[in-house]
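The structure that follows is given in the form of structure tokens.
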Amino acid sequence: MSVKVKTLDDLTLPPPGADSPLSTQEYFINMGPQHPATHGVLRLLLRLDGENVREVIPVLGYIHRGIEKIGENSSYRQTIHLVDRLDYLSALMNNWVVSMVVERAAGIETNDRIEYIRTIMAELQRLQSHTLWWGVIGMDLGAFTPFLYGFRDREYATDIFEETIGARLTMNYIQPGGLMNDIHPNFVKRTKEFLEYLKPKIDEYDELVSGNAIIQKRLVNIGILSAEDAISFGTTGPVLRASGVPYDLRKIEPYGVYGKVEFDVAVGQAGDSWDRYIVRVMEMRESVKIIEQLIDNIPEGDYMTVKVAKAIKPPEGRYYGHLETARGVIGCFIVSDGKDKPYRFHLRTPNFNNLWCLTKIAKGWKIADLVAIASSLDIVIPDIDR
Amino acid sequence: MGLVNLRKIRRAKQEIGGREVAVVISPRPEQTRLGTTVWQTFKSLLTGMKITISYLFRPSTVVTQQYPENRETLQMFDRYRAQLKLVYDEAGGRLCNCCQICENACPNQSIKIEWTKNPDTKKKELERWIWRMDSCTFCNACVQACPSNSITFGNEFESAVYDRRLLVYTLNDKAGPDAKVWSAIEDPAEREKLMRKMDRYSGPIPLSGTSLPGNPSGKEG
Amino acid sequence: MTAFSSFLFNYLNGVTANVYEPVSVATRAAEVWAHEPWLAIGWLALGMAVMLGFLVVIGMGLIYGERKIAGHFQCRLGPMRVGWHGLLQVIADTLKLLVKEDVVPAKADKVLHVLAPVLAIMATLLALAIVPATPWFQLIDVNIGVIYVTAVGSIGVLGVLIGGWSSNNKWSLLGAMRAGAQIISYEVSATLALLIIVLFAGSLQLSTIVESQADGWWIWRSHLAGIVAFFTFLIASTAELNRTPFDLPEGESELTAGFHTEYSGMRFAFFFLAEFINMFVASAIAATLFLGGWMPFQIAGLDGFNAVMQAIPPGVWFAVKTGGLIFLLMWFRWTFPRLRIDQLMGLEWKFLLPVGFVNLLFAAVLILMGWYFAPIPA
């Protein structure tokens, strides 16, 4: 038995007869690697018929930095700061998943305080990520003002991070055995202020963008991803939930202190761009709820349970752990040979799978819709290429 | 097809993998009459316009920071990680004892500590504490790993230079023994004798490349 | 020429003097052409100089205004660095664009590539010439003014189309095709809306249309027809101007920069300037036709009020009305997202055009019956 490997040439050959009543000629166009709608160095090779998208072929690798390979040459603590750079809008969750696996492997215990702070930070990060995404989808649909409103609101969350952690984007905060440093004395006050500030802003988001008739025209029933397709593409996060599958690791396999808080999983009905849009807006409200329940109840305790200078040497074996970032499930797989560096360090990143469903759902829509669909998938490119 | 009523969010229980999960279900467009749809469309557009104009007439909502002009009032958070610095005790003695744990903790070899052994005291004496800011990722691993708390990150974020070579710093301005020896000596004149002055640049090549042309050796970048 | 000037002269004498006596620069030149040709040339030179100054001043003012207004819409400050509150920023940018390298793509059609921005700005200039800013300042006042405006306006799309085609870039081509489809479609609605006012005023000449509104602006004197026509014209001209929510030809997030992707330096500045001046022209035409141009706000019967309103110079009236409409266009731009090309076409052919036709019929009935909201005192 042989398998014919589809090369780029196979994919890009002209098709037998276009299904258009007009006699038209198909053509190819490169969207990216430098294009305003791809938010980074993603390259989409488009086969177009006029404005209609016939085929989308993602071409990856423009920001491949070999993070997994570098991880195999760094100690367990050093890998943490690398995964900041995958999905930089979920840096803390990326930190967390590696820490979680290393803790599990090396049998490191954490305390309640650490878990509370981790959960709050992760939810703040989710809010931060979603506010930015909200602005960006507005800009992709041609409205520039939401972009700046989104960035403005994100700034408050970033300031909270900066005060406690000392960095705004690549934070390296959640580490095996605890946290880099304790929360700042102002942290609780500032977080509460932020939530009070953000709640009316989310309503404003609804008025300015969600409720806007043009936005709804541009999103509703566009790029429908059925639940079956979503699962078979391996999509996770808001993309999967928008297709009506309530798969959320915070509920299914509660980590941190998610088991102790009440919140709902936002799901969609049709799996179109609109559902992917509104699911994220609803998630913002749920994140606010989660933080509100936790922020007053942070227990006392240490912020680090192990000595930082001591090398971590997990026993030989294979370890896996996963959790829910702002974009979906990030999984971390570590093979340990008992030394202070992982033998194999692999990451299952959400954006890679979320991107590939674009090849199916963008077919047949217009270029403008492709931009809207790609934006509703909320892709962060370094997370794809790693 | 009409517009979406954003308030119509249904709460329900859904099953996945044998677990019941509390969900909120997204609102979808409703079937409305043409007149209603047209009216709602205009209303939604006007609502958006109301929001933007409300910001136009409230200059207090402007969030722009006019950075170079606001240098005097600009307050950075005290934990902000920008410039690596050595810590000194009250007497001015350097806490770093050249144990090189930070050098090992650094994920990208941005730290190099050069030391010599004093033949009299048999103790390590710091020659150069070299920090390569050009490859540093500000991950804080060195500060965390330091057993004597002798390094810290400062807030001075204005570190842009025109030449990449100027980002390789010698952090210690004086070479010599650490605080244990230094602070034990009472007489300031005696103390100074133990120390040799170090400039911010210069040092081994390529780590700190003074021999390269155009490098203003010994001057601040 | 003499025949033309005598016609104009006779026409002028025939005009019953209103409060103001509208005399355009071209008319003045035509008047004196027969016996004092140098004076006529002087008039024309003056007109050209004024128009050039007008073009630059309005262009820069609008660009500065747009950037400032956009900034405050978005909780920003806008330009602040060059000059007081960034007042000189536009001049700095203009200088930058003028001295920038002018890149022509290797496989571009060079002649057309150079021609396109010239066409675009030429159409704008021609349209600008007819705007009756004040009774004593209008460069040309042709008797078929409304037709002239629509005709000249469609030269602009030629510039956009040629620019997109000659760049030899697929994104540019897509943008140009979008522009062609969009502008030509919306031209129909815009013209229909203008026709309604032509019906009411009974003239195609812009100065006459302004005069016909001495007792009240057409937007409120024509029952509902004027309001509907005004909004149709506003939407259609926004589409013709390529401004959000109809900025598909440029659609930054989709087509990088649409038809002017391959333009840089001075040629880009031409397109850019043309866009902003077009915005001014469209607002000025809307103000002239629907809001009475430089006519003050008058309510029949209230003589005291009318006297106060007439004390405000007509130039101010014109500037306020046009400025208000320009602000509205900016407000649209900084609030709304962009439509999709088929939705855009649907809006025109399925909604605006039928509305426009019905409105035209309705207006015709109104005129036939002589039903005006405030009847003209015979």
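Order of writing sets the labels: A, B and C. Residues in every chain begin at 1.
Please note the rule applied: contacts are C-beta pairs under 8 Å (C-beta built on N, C-alpha and C of every residue); 3 or more make two chains touch, one makes a residue touch a chain.
Bear in mind that the values here come from a model prediction, so they are computed numbers and not experimental data.
K.L.:
Could you see whether A-C or B-C has the larger number of C-beta contact pairs?
P.N.:
Per the contact counts, A-C leads.
K.L.:
By CA centroid distance, what chain is farthest from chain A?
P.N.:
It is C whose centre lies farthest from that of chain A.
K.L.:
Can you check how far apart chain A and chain B are, centre to centre, with Cα atoms defining each centre and the answer in Å?
P.N.:
Taking the mean C-alpha position of each chain, the two centres sit 23 Å apart.
K.L.:
Rounded to the nearest whole Å, what is the centre-to-centre distance of chain A and chain C, using the mean of the C-alpha atoms as each centre?
P.N.:
46
K.L.:
Distance-wise, how many Å sit between the C-alpha centres of chain B and chain C, to the nearest whole number?
P.N.:
Centres of chain B and chain C (C-alpha means) sit 52 Å apart.
K.L.:
By the touch rule stated above, which residues of chain B touch at least two different other chains?
P.N.:
In chain B, 45, 48, 51-52, 63 touch at least two other chains.
K.L.:
Going by the contact rule already set, what residues in chain A reach two or more other chains?
P.N.:
Expected reply: 145, 152, 208-209, 212, 214.
K.L.:
Multi-chain contacts only, two chains or more: what residues does chain C have there?
P.N.:
Each of 73-76, 334-336 in chain C touches at least two other chains.
K.L.:
Quick one: in the complex, what on chain B touches chain C?
P.N.:
Per the touch definition, chain B meets chain C at residues 45, 48-49, 51-53, 55-56, 59, 61-64, 66.
K.L.:
Touching residues of chain A toward chain C in the complex: what are they?
P.N.:
27, 29, 35-37, 51, 138-145, 148-149, 152, 208-209, 212, 214-215, 217-218, 366-369, 371
K.L.:
Can you list the chain B residues touching chain A in their complex?
P.N.:
My answer: residues 1, 3-4, 6, 9, 11, 14, 16-17, 19, 21-29, 40-41, 44-45, 47-48, 50-52, 63, 77, 79-81, 101, 105, 107, 137-141, 144-145, 147, 153.
K.L.:
Within the complex, which stretch of chain A touches chain B?
P.N.:
For chain A paired with chain B, touching residues are 74, 77-78, 80-82, 84, 145, 152, 155, 159, 162-167, 170, 172, 180-181, 184, 204, 206-214, 216, 220, 242, 245-248, 251-252, 262-270, 274-275, 278-279, 282, 286, 308-309.
K.L.:
Show which residues of chain C lie in contact with chain B when the two form their complex.
P.N.:
69, 71-77, 80, 331-332, 334-336
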